[in-house]
Each structure stands twice: as C-alpha cells, then as structure tokens.
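In what follows, structures are represented as structure tokens.
Each of the next two complexes has chain A plus one other chain: chain B in the first, chain C in the second.
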Partner chain A sequence: MSLLTRARDLPGAAEPGRSATRTPRMRPWTPYAFLAPYLTLFAVFMLLPIAFGGWTSLHEWDINLPAKPFVGLQNYADLFDPASVDGARFWTAMRATGIFTVASVPLLIVLPLLVALLMNGRFRGRNLYRAVYFAPYVLGVAVVGLVWRFLLDGNIGLVNHYLGLDVQWTTDVPAAWVALVGVTVWWTLGLNSVIFLAGLQDIPRELHEAAMVDGASAWHRFRAVTLPGLRPVTVFVVNATILASANMFGQSYLITGGAPADQTKTAIYLIAETGLRQFDMGTASAMSFVLAGCLMVVSALVFGAFRERSKP
Partner chain B sequence: MTRDARGLRRALLHLVLVVLAALYLSPLVYMVSTSFKTRESAGSTEPAWIPDPVTTGAYRDILGSADSPVITWFANSLVAATGHAALVLVTAAPAAYALARLRFRGRGVIFTAIVATLFVPPVVLLIPNFLIVNELSWVDSLPAVIVPAAAGAFGVFFLRQFFLTLPAELEEAAELDGCDRWRIFVAIALPLARPALVTLFLLSFLTNWNDFLWPLYVLLSPESLTLPAGLGNFQSANSIRYDLLMAGAVIASLPVIALYLIAQRWVIEGISRSGLKG
Partner chain C sequence: MSTSLSRRSFLGLSGAVGLTAALTACGGGTKIGAGSSAPASAAPTFSGGEYTGPKVTLDYWNGFTGGDGPHMRAMLEAFNKEFAGRIEVRNVTRRWEDLYPAMPTAIAAGKGPDVAVIHNDWVGTFAARRTLLPLDDVVSALSLSESDFIPAVWNAGVYQGKRYSVPLDVHSLGDYWNRSHLEKIGLSEAPADRAGYEDALAQLKKAGIAHPFWMPNKWPAHLMFMSLLWQHGGELYSDDGTRALWGSEPGVRALSWMVGQIDKGFSPAQVAQDSQYAAFKNDKVSFTWDGIWQINDLKTNARSLQWGLGPIPNIGGSAAVWSSSHNFVMTSQAGKDPHKVQAAKFFVDHMGRLSTEWARAGMIPARNSARQDPSVADLPQIRLAADLDAFHFLPPLPGVGDVQSKALELAVAKAVLKQASPSEALKEGVATADKLLAENKRKYGQ
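Up next is the complex of A and B:
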C-alpha cells in the first residue's frame, strides 16, 4: 500500500464539505506556480494602478514635465471649487453623466423586463427573436455610434425623414439627450433582456402553477411570484446598468462630440481628455477618484434599497 | 376561447413580433444598404433601402485610402483580440484551477483580493494604466491593447466557478495513477472545461474587438490603430462621406456578426449567466 492511499485513510484526512482533494503529491510551491502568470498581470495592471492613481492625484502631474510637485489635496480642492476652471468643467460633466444615467436606467430596466416576459412565453421562433434583440449588443460602440450619427443627421437622417421633423439631434439639447438615451436603449436592451430571461427561467414553474390553482390573476402572479423571484437578478441588472451608464463615453464622443458647448460631454470623456490629451494627469486622477467614489456610494444605496424592500 | 380565436391571436402576436424585429434591425439593414451606394445617393435626403446603382465603390475607396489604412486596422484588431483572448485563457485558467482545486496558504486572501477588484470602478485605472504602459514603452503599440485588460478578475472568477463543479474522483484516480498536479490540470481539468474556455475566449475576443476608449487614447499613429479607434478618427475627418463610414462600419461588424451567428448560443448564454457588462 502506497503512502498516498494510507494518508487518505487517516481520520480527518479529508476536510468535510470540501470538494478539493487531498494533495499529498503537491510540492509546496505548485499552487503559486499556477497563480504566478495571472498574479503578475493582476499586480502590475490592477493593484499597482489603483495605488499609483491615488499617488498621481496628489501631484501636479504632467507626463511631459520632469518636475511633478506634490500638491496634497489641491487637485481635489480645485474640483470642489466652482470658481476654478477644472471644477466648473468637472461638474458640468458630472451633471451630463447624471442626466444620462437617470434618463437611461429606468428605460433599460423596464423595457428589457417586458421583452424578457414576452420571450419567456412558449412560441415558435422564440430563439430567433431573442437573437434579434441581442444582435446590436455584439456590435461595438464604434459601429453603433457611426450608424446612428448617420440616422440622426439633421439634414439627411432617416429619423427626421420618417418622423417628419426638423430636429438637430446631435447639436441641440434636450434633443441630444433623447438621441443618446434612445441609441443606448436600442444598443443594450438585448443584454438586460437575456439576463432577465435567465432569471425568469430560474423561477420554479411550480410556484406559478400553485398560484394559478389558488386562482391568482396574471397580474397577481407577476407581483407575488415573478417580481420576488427576480429580485437577485434585478439588483444585479440595476447596479450593472447604472455603472455602465455612468461610464458612457463612445455614444457621446461619436454622436454629439459633447455638443452643444460640452453639455453632453460625460465625466469619463472629460477625464480621458484632461489626462490623456492635455496630460493634466493629476487633475484627471482626482476626477476619476471622485467619480469612482460617487459610483460606489450609488452601488451601496442600490443594495441597501433592495435589502430594505425584501423585509416584509 | 375558440380554436379560431386562439389561432388569430397567435397570428397577430407573430405579426407584431415580426414588425418589431424588422424595425429593430432596420438601422443595420440601412447601414449595409448605404455602404453599397454612391457618394451622391448616400447623401440624398430621399432614403433608398435598395441602392440604385449598387456599387462597391465605397469599399474600394475606404480600403484604398492612404490616410485610413483600414486593412492594417483590421489586422491590428484581429491580432489584438486574438492575442488578448489567448492571454486571458493562458493566465486565468491555471489561476482559477489553483483557486478552485488546490489548498494552500493564502488562498482565501488571494481570492478575496481578486474578487474585491470586481467592485473597483474601472475609471480609476484609466490614467495610471496609461502611465504604466508608457513606462513599459507600449504606448502606440499592440501590447497596450492586449495585456492590461487581461488583469481583470472576470476570467478567473468565471473559470473558477466551472472548476469547482468538477468531480473530485477524477483527480483522485489520476493521482493514484501517478499524475502530478500539472498533468491533472492539463490532461483532465482543461479538456473537461472546454465549453467554459471557449465561452471565455469568445467573450474576451468580442470585448477586445469592440473596445473603443482605451485604444482611441493609447494608440496614436494611423498604422497602429485598431478598427474602432481608426473609424472614430475617420469619422471626425470625413463626417459627410456616409457611404465610406457605413462601409467601414460593415467591415468592423463582419467578424463579430460572423462569430455571433456561429456561436450565438454560447455568446448569449455566456454573457447572460456571467452578467458581463460592456
């Protein structure tokens, strides 16, 4: 009998409730060798930048200048000073991000849920329709932006032609907001739909059947069975949609170019321009930490809101 | 309800669905249609769904244009997306296996650190990663769009979930046959994980192919751009040549539409189950 099998027979050799096997043959460094390639990437491009970004935000940092003087919290103070140029620009961009998020998120929850409910029925060609609604999402924002820049063209665009309007969708507000939100809904509706659909299919059929036996109407069953069953999926979708909307960049860059007068220039657009075009990286880093802080607060509020409601 | 009434309702439902689906895809149909138009008819105020005359002039123009090397952009995108997806698999698979199947000191800490970064808004990485890439002299070259994004926690998280479900008996049997851990990983775990690996490859490829912001700022010279970044610059320079822009959009869509048609189930289910968000 080998040492190996005897070790396995010893009491307490197998940890209860663990699927990982006993690993007597493993050299002590083996797991770290498995992890090394990924952890190298993780350290250099994830952990290091998080710390490095914080460090940069405390300096007046221009990639082209040799001196990068420490300025403490000055970059942050400037952002919160509405009289400063950076502060004014930043809050205009934060406002744009806020407007877009508040306008797009409800639509990107309700419409995909309706589509998912429709697709959850049993009918022929269901998978085909699902594929149709998901198709725009596999195209990148570059393609989506180019196509809609064309369709929304004030002079020759299809949108004005078929609606019989004369609206400058790419250069006027609030029309530009309608355009940016509409394009984003068209582009990403399918993604949230398939996530909701997966959630719907995880709700046990028996729950619906039991409710039906009790004589519950379709609306009642939706309120009492479907919505509670979807809660975990909904928390995820709401959060992910808020984060994605708050990171909106390509639509604004390609369709409106931030027009009119930077009113549709989102925070991430401003951060990229400030840091990567004007190379004012200290200010841009401070901006990204303020934006990230706001996003984390919003995420926490979303989780909190859904937990509150789950209590009877 | 009588059978006729039910049949009628069903037919009506399908009619509504077909109309909605056609409406939903019409922007893409018009994109393809415009790409086969002449410059004049693409700029006409009377929309034509079928180009008259049909011409491949826009494709020839954009592919032959000196200041917009679309073929180079296409090749760059292909190399970047393939390289990125391969790098994700090569680094994430062994890491995920170790975290799922091996017991060692620090496993909990490492896994917690990796998962915690899922909650870090990616915007905080933008500026510092540019500075790091700059230090590595990768600005304006493909490693900049291949490597940094592979540090994301998603691949490890996704594959770990899969490796956790493998039955322990297979590994035990292999161990009795004298296999070491590396061999068990390569000969048993990886082949069983093939569906998860393919899904992760497809998702990584799609994400990288479509990425816009990072390549737009980290790639600078015309010959090093990826296709989306190139088209972004191209639009600002040619804002009225919609025939050219739509031809470019079609070229950028072809690989992902092809992938989507071939692997539609895997793409949709992979994304919906993992909740990947662009």
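Up next is the complex of A and C:
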C-alpha cells in the first residue's frame, strides 16, 4: 500500500482527480485499526501494569492485609531516608547493581567484539568455534548458577583446587565481584558476539578494499572503517548490555546468595525479596520506579555519548 | 534506528517495573478470609468421626523436600487409598523458602492449598494475615491439651485467643560427628560441655584434621547463634514484641564464641553457603551442627560416612537449642466451601494421630505421649528430646521472620565474615530490628 501511495505522490504519476475515484483514499482510522492489536497488548501488559505499579507505590500495599492505606510519597521518602531500614538496604543494593554494571559492561562489549573480529575471518572449523562461544548462552541461569556455585566454592570448589588458590569467590569482595562478572561474561559473551558478527558482515567489503588501496594499515582500517560501520550496532549492544547488567539477579541469588552479608545483593534481587518474600509491594514498587528512573538517565547518557562522537 | 532503540530500551525499563506491577496485580482481590463474614461459619463444628459429605479434593502444601519427603508421601498414599471416593488429597511439595512467599499470594488467587504444614513461628504471621482459619474444634475433637505438649509449641498455635494449628512434630539442631575422626582422639561421641568440646577440637587439629568444625556465615549460622544466646541466658525479643534483646551481653558472648572458632583455626574463614555440610558429607569435617532433618539425607546420600548424632554441646552454661515445629493448618481458601472445611478438618485430625509414624521421617513427635511410645524410642533423634527444657522456639510474633532475615541473620553473617566485631554487628542489627518491630506492631495492629 505504501508503494502505491508513494507512486501517487510522485509528480505526474497520476492525475489527481482520477486517483481519488480509482483507489479510495485511506480512511483516517485505518492505521489505528492496524495498530489496535498491538496497542491493546501494549496497554494491557505495559501501560496498565506500570500505572498500577505507580498506584501501588503510593500505598502501604501488603498483598494479604485487607487494609492498603494511601501513604502518598512516603515509600519514596523512606528510600531516600538513610535512617530507614529500607532506604539503607536499597542504596546498598543500588551500589551493588552499579558495581556489577560498571565492571561487566566494558568486558561484555570489548571481548565479544574481539571474538566477533576473530570469527569473521576465514579459517577451518569457524562454525565450530562460533558454536563454542555461543553455547553457554543457551543454558538457563539456574544451571549456570548452581554449577558455578560449586565450582567456585572457596573451600571445596574445583577452581581453587586446580589453580592452587585460596580465594573465597562467593563470600568475599572483591573476589565475589570477579566471580559474578566472570561467570556473566562467560555465559552471555556469545550473544553480543553474534550481534557484532552480523554487524561486521554488513560492512561493505568495498570500503575495506578502498582503504587498503589507500595504504591503510589493519589498525587504521579497524578505526576508520570497522568501528564507524559498527556504530549503530554498538549503540544497541551497549544499551542492551547496560540494561541486562543492571537487571542482574539470578547470578548473585544463586552463586553468592547476596554474600558477603548483603554486599552482592542487587537492586532487582532486593525488589523481588521485598515484594515477593516480605509482601511489601508498596516499597518494592517504589524501588522499581527509582531504579527505572536511574536506568532511563543512563540510557539517555549513552545515546548522548554516541551522538556526540558521531559529530566530525 | 535511534527512535526504535529508545522505544526498545523504554520497554526494557518498563519490563522491570511491569514485572513488579503485574505481580502486585495478582494481589488485587485479596479480601478472602479477611471479611467479617468468614465463610467457614457455614460449616458445622467438627467433632471428630469420618467425613460424610460429597467427594472433595484438597490441595495440600508442605516443604518436605528432604529425607522426610518419602515418609509424608507414603502417609498420603495410605490416606488417599483408605478414603478413596470421599477425599482426594493432592500433594504439592516445594522448598520452605519458596513455599512461604508463594502461599498467601496463591491462596488469595484461589490456587493455593486448602491444608498445609507450616512452621510454628509462621503461625502468628499467617494468622495475622488472615491466611488461616481457626481449628479450635479439631483440637477439642483430638482431645489435645497443653499438658501433652511442649508449652512453647502448644502456645505458638494460638493467635488472639484462637487456635490455628495442630502440632505434628518438633525438630531441632543437633551435633553431628564423624566417627572415624573422633576415634583418632579416642572418643566415641562428641563431648557435651564447653571444655571437653574445645579440647576435642584442639586434639583433632593435632591429629591432622585441618579444620574440624566449619563455621557457616549463612544457614544454619543464625540457628547456632540463637542456641548459644539462650545457653548464655539471653532472650530474643521482649515479651511485648517491641524490642530485640539479642544484642545483649549473652548475645555478644555467643557470637564471639562462634567467631572464635575461626580465630583459633578450627574453622576456615568465610565459609560459603552449605559448604560446611557438603564438607561433612565428604569426610572433611569432624563436627557440624545441623537440623535433625538431615538424618535421612546422610543415610541415603553419604552411605560410606560413619557418623553420630547428639544434642549440641552446652557452651554457655545452660542447655538450650533452637527448635521448631511442623504444624497442620487450614487456609482461608478451604473456607470458601463448607464441605472442604469439614474434609480438611478430618484430614488434619487423621494425620495428627499418625505422629509416631511421622517420627520415622527423622522428626521428634510433638506429643509427649507419642514420644514415649516404645516403637520410636530407638530412633536417633529421640535422645535429643531427653531434656525438653532445652528446646527453645522463636516467639510467635507476627512478622518475626522479616526481623530475623533483615537484622539477626545479617548481623551473624557480618560477624562471622569478620566485617564487624560481634558487638558492633549485633548493635547495628538490633537498631534495625527495633525499627522493624515497631513497624510490625503498627502493621499487624497487635
């Protein structure tokens, strides 16, 4: 339909009077009718829950207690009050989320890019290597968590045993962060590699050939051709990786259990615990909104950073 | 590209929010059992005897995932066979830590249990949350009375003057030892007093056991701490439930003893979750304190290990050990159907009578009369019940579980991981606990 419309819009493509009778003009509600199924789903499963979550966050909302008194912004005020129990716990968890994100995202960008560059070459067994790097990603977090929890155990784990180390990977910081980031990189590196690989294969060969003719070295070609060609893909990968890292929950739940004390308990972990274990949905919703707000700011900053760089 | 990306990231962001919000939505219609017209009143009072109504199906939830599970399933099979065509009990077993958060929400949605087994310290919380229905008539039909029970177990079932549970058993921490390790130093079982215990640890170390007694920072560290607190003469909470008392002098001494095991080299530092028990099963540990529910696990999964079990040693001066109790309860979900109420009460009555059989699952029968039954006298856990005064329970305060996990367990973990001294960790924990107790007081309107 869009092709037809566009053809009509071309100057001289059709006579204005005739086209109106032959192909009736689109009714004003037609696009909305096509959008309706999606909009309905979006409204029911996104907008309504968000609004309901916002409403919940303004109440002392305990699932099972009949009274759910309205408390206004008290839940939010509590989060920003360092003397309150939830406030102190929440910012410790936000700090944990921040540490994990800052430590994992650069590795989850750079390593997959290197892997993708290697996989983009031509050599025997290339597909096997691609599968090997992607394989861990198909495992569920429960499998990954349980396996690594026992491998990394400081006293009876195989990692310390074979490396001859005495490091408490699951009960001490920063070792626990090294463990959590390491496991996450091992586990999810394949996905970003595949996306980068697709991006690399989209860069026209002619650009590389032209650069070679101009005498550009491999490093120069990487900087002047590969990186700019990957920019749109990189924006996506950086943003998606930041969000995925900021939503980390399963690894610390299963591998460290939040240990030592609560230092590796991430924000999502705490939100789930507050809402689903302690039934305090009001506070959990308020926490979710604060976390979501922070992530929106981070996302905006990432877009800003990439736009600036694109300016010559 | 960038617009579609920002939409995508927006969706990603709202996903986090939406998840929580969607889950809250499940709790939307949560007035079940909370209204003044309790539907249970439709059912006639239970006075014993068999269930005579039309056929009903009861959903039954419990957390018997360990060595106790097969015994419970066998008991249920027998029940279903005996009462086929009248009552069908559908069993759902999930881990306790998953069962408790799921239960109230599932009941609110009408997809939870009609009857369940919960621990005594949860009875107050769930009764206050209107998740449970009273069982006074079942107790009188069973002719149960306080004199046949450990008072703390009996009293935990009462909330605001009504009885909500029927005790099934008592279980506690015990001291497991590795027989072959102890033989090296000429002992056949673990010493029962402080001097003997510490001496044995020193000798075991000399005999080549690098770390004879691993100190966990998580479960069951807080159970060890509470036992030691009571042994030193301390208390957990004030009677009115407004103040945490575990930061007192006895608490500091209890926690210092735990940390001392690491300082003396009897335990490695920073032991990870479940490591101490795994190491015990792997013949690396001489002593470990764990629940008596591990008996069947050791029997089935550590067949080559030679082990013994006794009461935990008296470190603090007076014998005391953390204990808990499994209790049958009927939920507000069953209350929607008078026939279910009757059938559920009949089920609880029937199962409650089988406590000597249940003892074979590794538990101690809650009833004095059942415990003294000759058929259970030889079971390894029964000797732990020689001194009933040693059994100490969490008080049945509504919301006490939150206080324990947010304050007490964290304080113990911090001290054992050497992030704070015992007194600092406890002081910080008590400050948190007092705030939570005040919140609970207001929330549950005691």
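Definition applied: the second predicted complex is superposed on the first by the 268 of 312 C-alpha atoms of A that agree within 3 Å, B and C clash if a C-alpha of one lies under 4 Å from a C-alpha of the other, contacts with A are read in each partner's own complex, and residues count from 1 in each chain.
Just so it is clear, a contact is a pair of C-beta atoms (placed from the backbone, for glycine too) under 8 Å apart; a residue touches a chain by one contact, two chains touch by 3 or more.
Keep in mind it's a predicted model, so treat the numbers as computed, not measured.
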Scan A:Asn64 for contacts with chain B and chain C and give back first, second, both or neither. second
Have a look at where A:Ala284 lands relative to chain B and chain C in the superposition and call it first, second, both or neither. both
Between chain B (first) and chain C (second), which, if any, makes contact with A:Met296: first, second, both or neither? both
In the superposed arrangement, does A:Leu243 touch chain B (first), chain C (second), both or neither? both
Contacts of A:Phe45 with chain B and chain C, given as first, second, both or neither: both
First, second, both or neither for A:His161, with chain B first and chain C second: first
Touch check for A:Leu139: first (chain B), second (chain C), both, or neither? first
Would you check which partner chain A:Ile268 touches, where first means chain B only, second means chain C only, and both and neither mean what they say? both
Look at the residues of chain A and decide whether chain B or chain C touches more of them. B
First (chain B), second (chain C), both or neither: which does A:Val147 touch? first
Common ground on chain A, meaning residues reached by chain C in one complex and by chain B in the other: 45-46, 49-50, 52-53, 56, 63, 149, 153, 155-156, 236, 240, 243, 247, 257, 268, 271, 275-277, 281, 284-285, 288-289, 291-292, 295-296, 299
The chain A residues in contact with chain C across the complex are 45-46, 49-54, 56, 60-66, 84-85, 89, 149, 153-156, 168, 170-172, 232, 235-236, 239-240, 243, 247, 257, 259-262, 268, 271, 275-279, 281, 284-285, 288-289, 291-292, 295-296, 299, 303
Enumerate the contact residues on chain C facing chain A in the complex. 1-2, 5-6, 8-14, 16-27, 30-31, 34-35, 100-101, 104-105, 108, 129-131, 214, 217-218, 268-273, 275, 278-279, 282, 284, 402, 406, 410, 413-414, 417, 419, 432, 435-436, 439, 443
Mind pulling up the chain A residues that touch chain B in the complex? 4-5, 15, 18-21, 23, 25-26, 28, 30-32, 34-35, 37-39, 41-42, 44-50, 52-53, 56, 63, 118, 123-125, 129-143, 145-151, 153, 155-156, 158, 161, 186, 188, 191, 194-195, 197-198, 236, 240-241, 243-244, 247, 249-250, 253-254, 257, 267-268, 271-272, 275-277, 281, 284-285, 288-289, 291-292, 295-296, 299
Residue set of chain B touching chain A in the complex reads 10, 13-14, 17, 21, 24-25, 27-28, 30-31, 34, 43-45, 47, 90-92, 94-95, 97-104, 107, 110, 113-114, 117, 119-132, 134, 147-153, 156, 164, 166, 168, 171-172, 175-176, 180-182, 185, 206, 209-213, 216-218, 227-229, 231-232, 235-236, 242, 245-246, 248-249, 252-253, 256-257, 259-260, 264, 267-269, 271-273, 275, 277-278
